[in-house]
Amino acid sequence: MKGQWCFMAEKETMRHGKQRLDTGAGRGDEETMQHAKGGTSFTISIGPVHPALKEPIQLDFEIEGEKVKNADLRLSQAHRGIEWIGTNRNPIQILYLAERICGICNVCHTLSFCRAVESIANIEVPPRAQYIRTVTAELERIHSHMLWAGVAAHELGFDSVMHYTWRAREKVLDTIEILTGNRVTKGMPTIGGVRRDFPEKHHKRILETVGFYKSIFGKLQDMLLHDPVIEARTRGIGVLKKEEALALCAVGPTARASGVKRDVRQDEPYAAYCDLGVRAITPKEVLGEVHGDVFDRIAVRLAEVAQSADIIEHCVRNIPEGKIVFEEKPIKVLAQLRGAQGEGIGRLEAPRGEVFHYVKMTGQEAPYAWKVKAPTYSNLLSILPMMREAQIADIPIIAASIDP
Amino acid sequence: MKPDAVLKDLQKKLGANILEARIAEHAEGGKKKHVAKSIWVKVGKSAFKDAVAELCKMHPNIYFAVISGCQEGDIVELNYHFSFNYAEPGEEFFVTLKVALPKSGLSLPTITNLVPGALISERETQEMFGVRIEGIPDPRRIFLDDGFPQGVFPWRRDETGPQKLVKKINEADE
Amino acid sequence: MIGNIAALAIVPVAGVAGIIFGLLFKGLDRVLGARMQARVGPPLLQPFIDVKKLLMKENIVPQNAVAWLFNAAPVAALCASIALLLYIPLFGSGALLEGSGDMVLVVYLLLLPSLAMVAGGFASGSHYATVGAQREMVAMLSYEFPLAIAVVSAAWLLASKAIAVQAFSLAALSAFPLWSLVGTLGFVGLAVLLAVLLFVMPGELGKAPFDVAEAETEIAGGVLAEYSGVNLALFYLADAVKSFAMAAIIVAIFLPWNATAMLSISDMWAGAAAGALFFLAKVFAVMFAGNTFMRIALARLRITQVVRVYWGYASAAALAGLLLIAAELVLVV
């Protein structure tokens, strides 16, 4: 299975005179070489500034007619050095830094960092805080998946669906604002707990939000999964086989859509997920069969919106009483952390997949090492086999399908 | 496989090449607790590739997360994070292979032939720590721009670190 | 009717009227589209504001473009679109220029703005524009066949039923509305052909779901990727005029009734006003069905799917419509 995935060094250059990955792994190398030399093909760059990509990544495609012959990926457009900044800050300050790693999945990065630090310092988080963490993280998942559905529809040239999903997304944003004070950047998790409680009066609002998403779920399914044009545009497009997903270490909905039943919430439950028994959703559960294409990725994400709604409802109805943070005064938390030594891993399931934080503390105020792995980091390599045999028209939706 | 079985197996195969080994536990959860286990193994540089090969043998399609690391004095320490038993509810655990490289010999063989998904991380390690990955199929930079100065390694803490690139905006230009 | 020399003097008038109504319908299309997407949308006169803004902007010609062709293409597109208007009966009166085969001429004139876009795309020296131009050509080849079938069927029906007239003349079509010439079978056939024409309309105009040549999320505007300023404004105007003309052609072929005659208004001015209003209403209905509604209801297709839809489904439907009409002509006559 790993033989299918060959890395190829080519003498021909696309732009920088170095090596690149071959997407046409299934075909002979000779053929690819021929195209690179022949005069009929040319190179198109998608990104770093392109209407289809909202992030500064650059995809170079060798095109022949409408077919993609070869693809290459360049990421070096924006590196902010957040990890380096973090090694000059104390953990409470890093929370705010971690929150800004990713705008949409901000709770995930903060929570991941908190969990790494908690495991080093052996801090026990009160159960109520765990439930609140779970609810915030799941609200974020709904928000992220709704946003993604809109982006995907837009890439397909279907703006009507984009406007509908983004309008529906406003509901969860408003709820998040009521609960945390901000629409997107929530600032909820802190080391050893959370920073705000959900008072009784807000429970109704959360349940109402959950009810809203459950009520529109059928309509969303109709729009995205039962639309003949969307199906024609996404079925059989951007296929990532299960073996490839495993070999390339794909995570999150990208891996699940290829039939890999992995989900950190299920495999290594954290926070309130220990009480919930969450199960990974693959297209098999939703549609009955696994193709590993873009359509499957849409189906998995949609089903996860419903799953998140269920989780939130359960958590809100069963939230335990108690403290929301193990120590309220940050100064005391810092004092305790200053004594902590060791290294820890904090990981969790973000909307896009596994977030991984490695923290090493050596008894100083600032951590000695901090490594962040965002989900797209793991999924990026999967873009290349997905682009096999693609047409230009498929590039945006394939690139968007891993939710970069 | 359970964590202790994995560790025992690894110790049997690699013997004295395992310099340190421990199993860490951390319990977390709401009403019920889940005990997350992780194995931390320090191996010698020469046995590193064998250790990865052993892990791959024990768990087909092993999941590789990322390479983390730090530099302390004359040592660059790299951690390869692998996970076992994913896709099995409640059974997943991490295996971290630690390898310490002296600054005089900053090189390590590639593992992309065993785990193709490690490519991005290896490219990153190469540019961030200045560790040469031998046999890497694609040696280009990945997160740093081609215009970033050569010989500066952002994750190092010594004279090759990024400190001199920092512009302090509150200080006047000289 | 007016003599040809006099008609030439009216050309600028027709051009201005075409531009004004084209932009007005474009604004209406945007507002209605927005409302269907639960948005407020721009003001009705937004297209005028857009054109005004574009006319004030700098005209940038890329370094590796073929400058003369790059600059000539938008002018050619707008001229061809306005020329179309001269051959189509507008506002309830006859066309400015009439001839025996103007329907054939109109079908070819419809191609010209697209050809100008292709030329401009290839001349801009950008890969995006090249891909867009290739797509535009392929799309042109695909929708031309069903369009030709629909037009030829109409002419054939006319020639068989009303022998005395010039079959390929739009004036004759106005005088003998097709629907009154046929029985049930032919009626169904005509309805199918009308549907095919409405389906060809977004392809002809490069609108979703057939906006492959411009596909902004794929090839960043395609043929128009390198255009800016006045050149872009000219293409924008050409698009507005062509949309108006395309709808007017469908109205002329399939919905030629005249309000003045139907309501038997005797006063000349009142009759002209009623005719013009009725015409605009018909154009609006066609535009809404063939452009706005399709644009909102469907996602963009791939170019291969565009070819399959037009060569396959649309052509099959058009042929079926033709067969139904033929069946009636054979059976009933």
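Quick notes on this one:
Should a chain be cited, it is by its letter among A, B and C, assigned in written order, with residues numbered from 1 in that chain.
Assume a contact is a pair of C-beta atoms (placed from the backbone, for glycine too) under 8 Å apart; a residue touches a chain by one contact, two chains touch by 3 or more.
Owing to the predicted nature of the structure, the values given are computational and were not obtained by experimental measurement.
Ranked by the number of C-beta pairs in contact, the top chain pair here is A-B.
Ranked by separation of Cα centres from chain A, the top chain is C. Of all chains present, the one whose mean CA position sits nearest the global mean of protein CA atoms is A. Our note on geometry: chain A versus chain C, Cα centroid distance of 45 Å, whole angstroms.
Remark: chain B and chain C have CA centroids separated by 62 Å (rounded to whole angstrom).
Averaging Cα coordinates per chain places chain A and chain B 22 Å apart. On the side of chain A, the complex with chain C involves touching residues 42-44, 50-52, 63, 65-66, 153-161, 163-164, 167, 227, 229-230, 232-233, 391-396.
Residues of chain C that touch chain A in their complex: 36-39, 127-128, 130-131, 134-135, 208-209, 211-212, 215-221, 296-305.
Remark: chain B residues 24, 26, 28-34, 36, 38, 40, 61, 63-66, 68-70, 72, 79, 81, 85-94, 96, 112-121, 137-146, 148, 154-155, 162 touch chain A in the complex.
In the complex of the two chains, the chain A residues touching chain B come out as 2, 5, 7-9, 16, 18-21, 75-77, 79, 81, 83-84, 115, 118-119, 122, 125, 127, 130-131, 134, 246-250, 260-262, 264, 266-275, 277, 279-280, 320, 343-345, 347, 354, 356, 358, 360, 368-369, 371, 373, 377-378, 380-381.
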